[in-house]
Amino acid sequence: MRAKTITEEELCTFVADLVAAGTRVTAPVRAAEGKVDYRAITRFEEAAIGAELPRRSLKEFFLPPTEPLFSWRQGKGDVTVKPVSVSFPPHVVLGARPCDAAAVEILDRVMGWDYRDELWFGRREATTIVSVACPGIDGSCFCTATGRGPDSTRGSDLMMTPVDGGYFVEAVTPKGEAFVRTHAARFADVADPGTTVAAEAFRARARSRVAENLTLSLPALRSWLGSSFDHELWRTIALRCHGCGACASVCPTCHCFDIVDEPDGVRAGTRRRNWDTCQTARFTVHASGHNPRTDQNARFRQRVMHKFSIYPDRFGEVLCTGCGRCARACPGGMDLPEVLKTIAALAGADGPREAAV
Amino acid sequence: MARIGVFVCHCGENIGRTVDCARVAEELGKLPGVAHAIDYKYMCSDPGQALIKQAIAEKKLTGVVVAACSPHMHEKTFRRACGSAGLNPFLCEMANVREHCSWIHEDRDAATDKAVDLARFIVEKVKRNVPLETIRIPVTKRALVIGGGIAGIQAALDLADGGAEVILVEKEPSIGGHMSQLSETFPTLDCSQCILTPRMVEVYQHPNIKLMAYSEVAEVGGYIGNFDVKIRQKARYVDAANCNGCGACQKACIVRKVPSEFDEKLGKRTAIYVPFPQAVPNIPVIDRASCAYFKAKAKGVKKDACGKCKEACSKGAIDYEQADTFVTEKVGAIVVATGYTLYSIGKDQPEGLRGYGEYGYGTIPDVIDGLQFERLASASGPTAGKILRPSDGKEPKRIVFLQCVGSRDPAKGIEYCSKICCMYVAKHTMLYRHKVHDGQATVFYMDIRANGKGYDEFVRRAIEEDGARYVRGRVSRMYRDGETIKVQGFDTLSGEPVVIDADMVVLATAIRPQPGIEQLAQKLSASYDAHGFFNEAHPKLRPVETNTAGVYLAGACQAPRDIPDSVAMASAAAAKILGLFSKAELEREPTVAKVDAALCAGCFHCERVCPYGAITRIEVRDRKGNLVKIVAEVNPGVCQGCGTCQATCPSKSVELQGFTDEQIWSEINALLA
Amino acid sequence: MALPAEKIEAFEPRITAFVCNWCTYTGADLAGTSRLQMDPNVRIIRLPCTGRIDPLFVIKAFERGADGVIVSGCHPADCHYTSGNYHARRRFAVFNEILGFLGVEPERLTFSWVSASEGQKWREVVNDATARARRLGPFDAFRALAGRSA
Amino acid sequence: MKELQELARTLLSSGTVGVVIGWEEGPRGARPAFITDAADSSRLIFDHRCTHNLATYLSPRRPHMARLGKAAIVVKGCDARAVAGLLRETQVKREDVVIIGVRCGGVAADPAGAKPLTAETVAERCPGCTAREPHLADHVVGEAQPEPPGAPTRDARIAELDAMSAPKRWAFWQAEFARCIRCNACREVCPMCFCERCVGDKTEPQWLESSPHPRGNFAWHVTRALHQAGRCVDCGECQRACPADIPLGLLNRKIAGIVADRFDYRATDDPTVPAPIGAFSMSDRQEFIL
Amino acid sequence: MNLYQPNLVTISDLIDETPDTRTLKLTFQDPQLAAGFDFKAGQFGEYSVFGAGESTFCIASSPTRKGSIECTFKAVGKATRAMRELGVGDTMGFRGPYGNHFPVDRMEKASVVFVAGGIGLAPVRCVIWNVLDKRDAFDEVTIVYGARSVSDLVYKRELAEWASHADIKLWQTVDPGGETSEWKGEIGFVPAIVEKAAPSAKNAFAVVCGPPVMIKYTLPVLQKLGFADDRVYTTLENRMKCGIGKCGRCNVGPVYVCKDGPVFTAKELAALPPEY
């Protein structure tokens, strides 16, 4: 499909159309306390598309912080289980950041290998992700180092790039194409070839800006990690880490969860799954009280290993999109890009940027 | 799943009239985990209890809920029934559907719904109950009595006569306490020493009593049945084993003008002395501060300056090198009988108290306190029983007695009544008139409190037969006018100011606890009130116990007491202890708190809130013996089961057995059926 | 946010009472033996002492649908365990204010000292708490937290 | 700064301590530093971006910290109160820590960025602070600092909330708590949250539902607040750590007001002053009790 | 019904193996599942008590015995304590089977040595019965089983049965001090008894389950006896939540224990970081 453009005015109409048709529309919105969140909107004017990175990523729209898995009712010995629905109403995310969109696609792999998580994919299928290319945020961005970029289309169904008076739009997936076809009236063909050039220039600028922050050789990183479990680096890596898990909660790719039962009275209750994180001490505690991951250094090592060694080994992708949220959120000043830089130096992986994956 | 039996009692018509007991049983029967639910006319009757026992056996019940009256009424009954059927008694609980339901509601539907709810809570609780075993603590059948006044003597003798070994610790060189200083006692005017001295000797000679005079309690460890008490025996510089009490040393002593404590500074003693002739033990002690030998030593004089007593002692009992010694005794119970002290009329006052500048702060020599008057009136006193005033030794013809000096005077820091002053002032006026027939006693009083057997008659006698003049009112000022003391007051009955000329003034000063009592209380983990008197465990029901199990009270350490009250308390405490000692083991309800050492972080909030000092600190070490942390532990012998520690524990790492978090959570969760 | 009169009539509030064993529970027993009639809306949960009563109990009771909660124990100086009630007084003074600050209507919570001889007072506490909760209506705001309504 | 670095160097090279916990320059502004080699002492900084309360690192529940040996810790006046709290609650022994106090003129809410300290950037606890001079310290370094910029704002916001109707206040807090995802960052950074196992993680019974739904969130935040009563040192770490920007400082401030008003207790760096919860006074106000 | 929703099972029998260990026999309530449920020896499941949550253990019965499954557990956590409260007729939840399995097929025609300690016999028992039910397909069968004390031995009836089989070499042992006056078995720790039993490593496999310390000291003994480390199998018992490779909890190095395990060879284990 050929690239399209859409104006701000058409976007307003577009959102109104979607909402009227019963589609849930989510976009970055500036909250009362000044921060930006992905939130439901009813009018495009509520959205803050070009604002800073939202506080949390998109993952919560597919793996909510808490969700019921089923509820039960207990009789005398017998139990009745009431399932939850695994089909979801149509949903459009408008103005997703490429790092957030990419993360969702990366997570499709773990959510779908062997056992298919219906709750995740139910929401995935109901959702169309319209991303907007990112100009780069600050010194903690390192999407380019993870093999993605501020203009990466991974995980997006449609990608918009800001241009004068609106956006340059490309359909990435068949779903995206169908979406454009369905709403064809809102999109225009690219009339001026300069628009394409401007869009590409915007992206190139963003890429080089982010690339200044960090460059990595992912394969070298991965191979170093694979053989450096006992490296002395880990012994003091996380002294300043509180094990609070703020990083995991803002991370677009951290997906660990807990399953808990919540009784509601004598007979009834709900089993839920809740976000969890390997950064807390109790995450790995066995019923016997034995905790195989003994201290915070080991827990932080697990986080790095899982993202840059274990997940790529298993699924061929690093479990990180370089959004930098963890570094920004950390109350103790832990800084993943800095850690990666250190490892890269150790691994000889700090060479010129490679087109990984 | 649990197999709970629910037994709904009609209590005749008492419950059945307003609660549909059959429906309660039916509804409860539908709950998960309820294996058996019936209603019956009288659950507490023999056939009712038989139903429970039968169901326990036949239905293999894992818990029993009796929905009936208040657990205060029949919990013991039903737990006993369960116990006899082989079910741990603590797996049985009651739901109160009578006092809390049928008796207070008329609407049958509402009352029945409520009864179902109440029983459901308890069913859910009982699902979480675990078998508990009665706690058994071995008891050391020895008692420690602290204080050798009349209360301590009485307690020691009662205990010893009851077969218990007793250690009696007295901080002064002799037992006897304040009672030994008194001349006569109210309301019978019998001679104090005549009744006390034989008791003192009895203590000395009793095979079950180990008397440790001139000693103090240094440390107290352990708990009821198992206290370890470290006692400091102060150096007497006289070898008690060799001394035969002949008195030669005192005759030889060159320091003869030390004010006598026993005579309340109205008489003199030597530096080596026994406080009074009937002292028990009759072994002298050297007062280091006034002894010429020790003074010289302190100044660095190399050659012995004195040593007269040593020379005089034919037994070689004088030992200037003696030092304080410590012994540790194991006891099962402790009686505190530390008595009282008098509010000082001087300028130096403890914190919170203000002395009486308006009475001259003790600068007028003929203004004395009640105990000093006792010494003047005593045949064994410094004046051999003659009433002579201290300043010039003349016989006072006009004595003014002031009641409530300190007492009942919040402005001076003491709001309580000292209880005994009304009586002893009346006694003093009588003793005075009996000795000085033309003397006039005038008493300033607020009101007369004479509520004991023969007390009011006694006061009346003082007024009517012995001519004491009672003026209701307070004295605002006293000052010297030549040899006379002007006592300026206000007669509140006549509404007139009065000024009375006196030759001597006796102040009935307030009864205060002994100094140092707070420290002793802390050693015992016992609490004390704002004035420093020991707190009883319950003002009505446990008046001679403290909140520390195994520590008992006798006499004026708890509040101002007269002799009969003190003796009664002492006997009561002894009876309590003999009861405790009557069994080899102490049995306690197992509803005590338990700390999970793995989860305790050692913040010790529990220690701060525990009213009983039941929390101790223990070290947790790893396999290699390295200290991991220090955590709290509950001494089940001391814990009374209030559970304040658990509510205070931030992480809920201490659980009160019988009221665990799981049990209470389950009850609350059961708000939703 | 008081309910309209006709709704107040129909609404039977659910009230949970956490009471100490020695004073209030016994006082409630006395109310029973004295046959003092009172509103049937209160369900008592017995604890040894107010010192054992944890604010978590109150939160849990609201979570389980209570429209009002009573916490009651021995008067100052009457505590069977000497000082449990003093500790409870501090704890609940803070808890009460925090709940208020978070927007729980203070009328939902009743604290009282009821001694073993105050059966009459217990009746008043019960009836007052019931009346207040009735006026406020169901605690839907709290139930909504769990996605439930009355 | 020199003074601080020199002191650290001396403490480390003399073997007095194994680690100096202070601040350093990080990729995103100031951040905690753990200096174990005297030669690295020059990394230590102190300026208005050093907002972190380092006392959290003294928690005995951090075995990887204990391995570094005896610690010297750099504290602002407010942080010293946390050290006092740890001493008071027997988590730390006084002889096991060297306390280096720094005089403080207020710190920024965000340690990142080099913006000067202004009324806009200052941490909300700082204006009007009375704890800028640490007393609980073995060494106090630095010059006396000027008053932090800006005026206190929290009391006014609390008064505003207090003036609202209960349902309005309820709505306000529910909107705030709705963002909570129960990551527990507020707890983990709190120097006074040192429990071996938080009541929030107790599962038998599960008093506090771990799910980040409104009911679990409410129970958690009430309980956290209550457990901070008379213990919170107002270092602001919980609010700073919160990835959802929930105004926990407001709640803490309210509680501080309650304990000051009722029990005459204010956070202090004097460890001998007993905490108000766990104690009582016969004359505690009981106007809320029938 | 999603992945995380368990199947309902009824407790059809209950055996107290030791004072703190219990075996439950579970029957699927769905008749189709009851008839068709299949699994392989060594696979595990998530067992749930509604209101208390899930806990993870191996299926302790043999896949050759259809109709129901068994699990053996100790009450150590919230869910297992709740399981102990249940009785015959009560309903539980079960998800599974999950994970890999012991390669029983690969072991055919070979000798098998089973080494188990304490409740570690549960996963081994599953293989033992699997092997015994096809006894002719295997060569020598040796079982070394030990527990802290006589009362801690699980599956006592089955031990007696195995002992009576002429074609099984059964060594039972208890730790020193754990014996009773009637005890006729060995006294000593499991590794020592393995050494004493000295099973031949020739064309043999070993299956080892038990407390970590037992495994740690048994592996060198087996090595000494000549067992290749890729012919020695054991299981890991990491904390799990989902059981299906999503929740991240059981991740140890490159391995998801719930997917790649719980059965590992000693060789695989040696390559793992020590976070299990």
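Think of it as A, B, C, D and E in the order they're written, each chain with its own count starting at 1.
Assume a contact is a pair of C-beta atoms (placed from the backbone, for glycine too) under 8 Å apart; a residue touches a chain by one contact, two chains touch by 3 or more.
All figures in this text were calculated on a predicted structure; none of them were measured in a lab.
Counted as hops between touching chains, the shortest connection from subunit B to subunit D is 1. Hopping across touching chains, the smallest step count from subunit C to subunit D is 1.
Of the two chain pairs considered here, A-D and D-E, the higher C-beta contact count falls to A-D.
Comparing per-chain C-alpha centres with the mean over every protein C-alpha atom, the closest match is chain D.
Look at where the CA atoms of subunit B average out and do the same for subunit C: the two points lie 36 Å apart. The distance from the centre of subunit C to the centre of subunit E, each centre being the mean of the chain's C-alpha atoms, comes to 52 Å.
Centres computed as Cα averages put subunit A at a distance of 70 Å from subunit B.
Centre-to-centre separation of subunit A and subunit E, using mean CA positions: 39 Å. Counting partner chains per residue, subunit B has residues 1, 598, 609, 648, 652, 665, 669-672 touching two or more of them. Looking at subunit D, one finds that residues 61, 197, 199, 204, 207, 213, 277-279 touch two or more other chains. For subunit A, the set of residues that touch two or more other chains comprises 74, 77, 258, 260, 263-265. Taken in their complex, subunit B has these residues touching subunit C: 70-72, 96, 98-101, 103-107, 110-111, 113-114, 117-118, 121, 527, 535, 537-538, 547, 591, 609, 611-612, 640-644, 646-648, 652, 656, 659, 664-665, 667-672.
Against subunit D, in their complex, subunit C makes its touches with residues 1, 55-56, 59-60, 63, 76-77, 83, 86-87, 89-106, 110-113, 125, 128, 141-142, 144-147.
On the subunit A side of its complex with subunit E, the touching residues are 69-70, 72, 74, 77-79, 81, 83-84, 86, 110-111, 113-119, 226, 229, 255-261, 263, 269, 271, 273, 276, 278, 283-288, 292-293, 298, 302, 305-306, 309-310, 313-314. On subunit E, the positions that touch subunit A within their shared complex are 1-6, 8, 48, 50-55, 76-77, 80, 89-91, 93, 237-239, 241-242, 244-249, 251-254, 256, 259, 273-276.
Across the complex, subunit B meets subunit D through its residues 598-605, 608-609, 629-630, 648, 650-653, 661-662, 665-666.
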